[in-house]
Each structure stands twice: as structure tokens, then as C-alpha cells.
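What follows is a pair of complexes built around chain A, which joins chain B in one and chain C in the other.
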Partner chain A sequence: MEILKISNLYKDYGKKLTLKNINLSFNLGEIVGLYGPNGSGKTTFLKIVAGLLKPSKGKVLVDGKEVGVYSKSIISYLPDRNIFPLWMKIKDTYKFYRDFFDFDDKKFKNLLDFFSLKEDLSLKALSKGDMEKLLLSLSLSRKAKIYLLDEPLSGIDPSTRDKIITSILKNYHEESLMIIATHLINEIETIADRTIFLYQGEIALDENTEKIREQKKISINELFKSMF
Partner chain B sequence: MINFDEEIPIYLQIMDFIKKEVVKGKLKGGDKLPSVRELAEMLKVNPNTVQKAYQELEREGITYTLRGIGSFVTQDGKKIEELKKKMAEDVLERFCKDMRDLGFSDEDIIALLQGYLKEVK
Partner chain C sequence: MRNVINIVKYEILGKKNAYLISLLTLIGLVFAIYARLNSTVMNRDELSLIIFVLLFVVFLVGIILIAISNLMDINSKDLNYLSFTLPLKPSVLFLKRMIIYLIELLSFLIVIIFLTFFILRLYNTSFSHAVINYFSSYGAILFLDFLFGNVIAFFLVSLMIIAKKLPYENRILKIIIYIGCILYLLYKGHLNNFLIKIFPQKLPIFIPAFDYKISGKLETGFSAPKIEYFVVEVILRILVLAIIIFLYNRLLNKVEIRG
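== the complex of A and B ==
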């Protein structure tokens, strides 16, 4: 079932064109790997879908409706950096998230346990990796229809990456769409069933991941390196 | 559990893994396979990929599905024997091809294999 449709989307910051003529359609049940070099427009794209940036041109339909109060209520967005003031403790952050009616306290506590994070910790005391784990726990604890994860693995050591991937898979459900933007392709390519390459603001590839392996006999990481 | 070769479709590698478990007897006729979700989490792959592997295994007659209950290994002994034979043939085919590519005659191959088996027992 189609949950997200983007047509003829453009975004420019002044003279600089960040997204050019993006046309995409997404269904529930997909895990999408959105890959591109730094500055290719991944974050801009996610922010537009999340309703944090306005497109310069084009249309974004979330569950058939334009971006607004309803779309925000069914989209869980993991930003690429911390959004909370550092004086807060972990337990303060989730008071904010509890305003989302779909926030699941129990799930959140389980995720904190899984990542060995204590509720009483202050954000100042968190390492980069722990901060990422907290933000991801908050995002995944919403029972959303669309999850937009912006660089969930950046700044995280390889052993912790495994844990994060497990937590993403554990919390993925068939009635949701998950879009994961990253430049760490080889970490994500076995869990993403659809692969999208963004290059200089344009869609350079959009294909079923297994089909790429079948036809090109090449890993997604290698394909990416060969194209850009 | 599986070290995936990312140049080969993942569902084929999952199928291969399950077939090997069946041939080795670790999975027996009538045994239940892990649920799609469980296996996806275990292997860290997309659930749709596991689903595809399960569908193909069923199509090949190696498993059967009971709706709402899960996938099970076939109880058809003949099918499992066939699978064993097929997997052995695949290994032999690769081996013989490689040896012939290296220029060994069939007699050489047999002699070398016998010698090797004696040595490593």
C-alpha cells in the first residue's frame, strides 16, 4: 500500500539547487537504503518529508495527505544530530516524546535496557554513540507508519552498529515504511530491500536490492563506488 | 551464523544455509523453521528477503507451510535424499571443473583425491 508519494520535487537554497525533480513512491513494508555522498541532498529530502523544510516546488503526499499535522503524527524522524538541550536527563527527553500519542513507554524502557542506558544519565555525560542510541530509542519507540532515520550509524563503533541494526530490525513492522539515509552502505545493505542512490540532488538509481545483486553480481557498496 | 557474500542475492544464501542444515540432519523432516522475523533478526537481514527464501524453498518442495503456524521441513525422505545428491553434485562439479582447469586428467584427479583422503582421513 502506498504511504508516501513524491512528485516533481525541487529544493533550492538561494542559488544552490539541492534537490532536482525527485519522483518517488513508497509502500508500507519497505526498508529503503538511501545512499549518497555527503551533500547529495539526503538530509534535505528527509527533512522535507518530515515537514521541517518546505519544498521549493513539487508535491509530497503522506498517506494521501499533504505534509502537516496529520503527516507529522505518523512520521517518526531521527535527526542526524542531537536536538535536546544538554542539561536534560534521559528521562526528561522522553517526556517530550510522550506527547506523541503513539509513544510506547515499555518499548522505550526495553530499548534503553538493550543499549545499557540509564534513565538518570544527563545528556552532557553521553558519548556520541550513546547519544545516537538514545535518539534512535526515542524514534523507534513510536509506533509510526513512516520512520526516517538520518545517519543512524555515524560516529558509532562497529560492535555497536550491530546492536543498532538489530534494534532497527526488531522494531520494524510490516505496517511501516523505513527510510535509512547513510553513507555506510555495507552496514545497511542486507537489511534494505530497496536501494536508492542520490547524487547531486538527483535520483541516480532506484532498484530492488536483491535484483541488483542478481543482475550485476556486485554488492551495493561496490556498485556505489563504481558509479560515483 | 552466515557470512554473507554481498555480491550474491541474500535469499539464495539463506536457502543454501537451510538446505545444508537439512542435509546435515540438523533440521529433520517435520522440524519447524524459525519464523521469518526471528531468522531476519538472527541473520540481520530484511524480513522480505527471508520471506523470499522461504517461498522458494517451498516451491522446491523442501519445506511446506501451514498457514498461521509456520514453515516446516518436508517429511518426504526421497526429497531429502534428492537434495543431498544435488548438493553433492554441485560440490563435485565445482571441484572437477577447477581441477580440469588446472590441467589435471580425470585419472590424476581420482589419484590425487584418493591420496588426499588417505592423508587427512
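== the complex of A and C ==
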């Protein structure tokens, strides 16, 4: 079932054109790896779908509706930075999400245990890795139809990356779409069903991950390196 | 409504320490002024007048600080990732800011009025009696007048802060908002006078002038002009507020959070 449709999408910030003629369609049940070098437009793309940026041209339909209050209620967006005020403790962030979203308390508490995070910890005291774990736990605990994860592994050490990938896989449910934007392809390509390469704001590749591997006989990471 | 209450709740929780510190600082400052001046050898009537003027300065500084802090919060708390990923209508963000601003303004006004009356009563001079009588009779109208004007000025500046975040495609709208707000803030008085000349009908309420002189070595005193209310002026204010509310909501629908 189609949950996200992007037609003829352009985004420019004045002189700089960040996205050019993007046409994509996503179904429920997909895990999509969105890869591209820095500045290729990955974050801009996710932010437009999440409703943080406006398209310069084109249309974004989420579950058949334009981006707005409804789309925000079914999209769980993990940004590439902390979005919570630092006066909060972990328990405040979860109460906050519970007040505004359809939230799975049990899943959140399990994720906190999995990441060995204590509810009473203040956000000020969290390391970058712990903050990433918390934000991911909050995002995955939302009962959303679309999960947009922007660089969930950046600045994270390799052992923690494995833990994060395990948690993503364990908590992904089939009735949802998950788009993971990253430049750490090696880590994500094993879990992504579909691969999209963005280069200078344009779609350079959009293909089933398994099909690419079978046809090209190389990993997605190697393909990416050979292309850009 | 539940969303408005929730979002207001989290902002107040985040600012609770700042509120406590501000309250203690204000009380400390007012009593420091009182204690410092009380120990000087001066005519008590003149002393109560000086204290009143100083408290008036504290009041002005306080409302400016409240406005600045809320304008900064619009930029950092309302127009940020967290607020814009929540499934909220723009009107919720507008109501949140309106409620927080009014709560802070009213709390500050209540505290400063209470402290001023308390200190003036301690002095028990003819000046303090005159001030207390004046504000007891006309305080409510002055208060509403001040609140209305203050809210309009605050949200006009807010519009410019929000317009700053409009995308490139809306650059003409951004310029129109800037020019419109600045022109209104600069020429509001001229516009009022112009309209009053055409429509001179007055409302049946007014605030008489306050004039108090103390004769001593140097003649000192405190005065406030007579305030009259014109129908056209009140209508213009209501109209401007309605336009601001409309634009605030429209702009929030168009802004981008670039980060």
C-alpha cells in the first residue's frame, strides 16, 4: 500500500538548488536506505516529508494527504541533533511524547533497558551516543506509519552502531515505512530492502537492494564508491 | 485545548527556576531601594515620590525584559524542530505564546503593584495617598489600556521574527511584513491623530490628569496627562490585533525550520 508519494519535487534556498525533480513512491513494509555524500539533499528531503521545510515546487502526499497536522501525527522523525530542551530528564521526554503522540510506553522502557539508560538521567548529562540512543528509542516507540531516521549512526562508535541497528530491526513493524538517511552505507545496507542514491539533489539510483547485489555482484557500499 | 494546556505546561516547567529567581530578584531589588532611600535624611513626601519613580523604572525595565525573553523564546522554542514535528495547528503555537506572555506580564504586574502599594502605604504621605487614590479609581482602565497596547506591540515584533523564517519563495511577503510592522510601530501615533481628526467621536470614559507638586528647596512632582479614548482609535486597535492574529497563524503555516 502506497503511504508516501513525491512528485516533481524541487527545493531551492535562493541561488542553491538542493533537490531537483524528485519523483518517488513508497509503500508500507519497506525499509529504505537513502544514501548520498554530504550535501546531496538527504536531510532536506526528510525535512520536507516531516514538514519542517516547504517544497519550492512539486507535491508530497503522506497517506494521500498534504503535509500538515495529520502527516505529523503518523510520521516519526529522528533528527540529526537533540531537539529537547536540556532542562528535561529522560522521563520528561517520554512524558512529552506520550502527551502529544500515540506512544508505546512498554516498548520505550524496553529500549531504555536495552541501551542501559536510566529514566532519571538529565539530558545535560548524556553523551552524544546516549542522546542518539534516547532519540531513537523515542522515535521507535511512537506508533507511527512512517519512520524517518536522519543519520542515526553519525558520531557513534562501532559497537554502539550494532546495538542501534539491532534495535531498529527489532522494533520495525511491517505496517510501516522506514527511511534511513545516512552516509554510513556499510551498516545500513544489510537491513534496507530498497536503495536510493541521492547525488547533487537528484535521484542517481532507486532499486531493490537484493537485485543490485545480484546484478552488480558488489555491495551497495562498493557501488556507491564506484559511482561517486 | 488539551494540546494548548500540554504545550504551555512544558514551557512553564522549563522556566520555573527562572521565574523563582526573577521573583526573588524583584523583591530583593524593591526592598533594597526602599532600605537605601529610607536611611537618607529627606522630606518623607519627596522620598515616597522618588521611590514611586524608581519603582516605575523597575516596572518599565521588567516589561521590556519579559517582552525580550518571549521574543527570544518564539525564535528558539516555538520555531524549532520539536514544535514543528508535533501534530499541532499553528493556532496552538499562537495561543501558547499569548498565554505564556500574558501569564508572565500579569504576574509581574501583580507583584510590582502589590510591592508599590505596600511601600507607599508604609510611607503614609500625602503623595502616597494621592497615587493610591488615583490608581484605585483608574487603575483598571489604565491596566487594560496598557495590556492591549503592549500585546499589539509584542505580536507585531513577533511577526517580524516569524517572517525571518519564511522560505525563499515568500521573500516578497517577508519584505511586506517587515515594512508594514515597522511603519505601524513608527507612525501609529500619526495614524491615530489623522483618524481622530476625521472621526472625533469619543468614548464616555477618560482618565483625568494626575499632577502632584511638592514644594521644597526645589519644586518636584509627578504628573501624568489626561487620557481620552476615541471610538476610531479603539476600533483601529481591535482591527490591528485581528490582522496580527490572522498573519501570525498564516506565517506559522509557511515558515521553515532550517536549523
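In this text, the second predicted complex is superposed on the first by the 226 of 228 C-alpha atoms of A that agree within 3 Å, B and C clash if a C-alpha of one lies under 4 Å from a C-alpha of the other, contacts with A are read in each partner's own complex, and residues count from 1 in each chain.
Here is the rule we use: a residue touches a chain if its C-beta (ideal position, glycine included) is under 8 Å from a C-beta of that chain, and two chains touch if they have at least 3 such contacts.
No experiment lies behind these values; they were computed from the predicted model shown.
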Three-chain arrangement built on chain A, chain B and chain C clash or fit: fit
Partner chain in contact with A:N221 - chain B first, chain C second, else both or neither: first
Partner chain in contact with A:K54 - chain B first, chain C second, else both or neither: second
Which superposed partner A:G29 touches (first chain B, second chain C, both, neither): first
Touching partner for A:P37 - first (chain B), second (chain C), both, neither: neither
Chain B versus chain C as contact partner of A:F100, first or second or both or neither: second
Minimum C-alpha spacing, chains overlaid - chain B and chain C, in Å: 28
Partner chain A, residues of chain C touching it in the complex: 3, 6, 10, 13-14, 17, 77, 80-82, 84-89, 167-169, 254, 256-259
Contact footprint of chain B on chain A as seen in their complex: 29, 31, 162, 165-166, 169-170, 172, 174, 186, 189-193, 209-210, 213-214, 217-222
Footprint of chain C on chain A - complex, ascending: 12-14, 47, 50-54, 56, 69-70, 72-73, 75, 77, 79, 81, 83-85, 87-88, 92, 96, 99-101
For the chain B and chain A complex, residues of the former touching the latter: 4, 6-11, 40-41, 43-49, 52
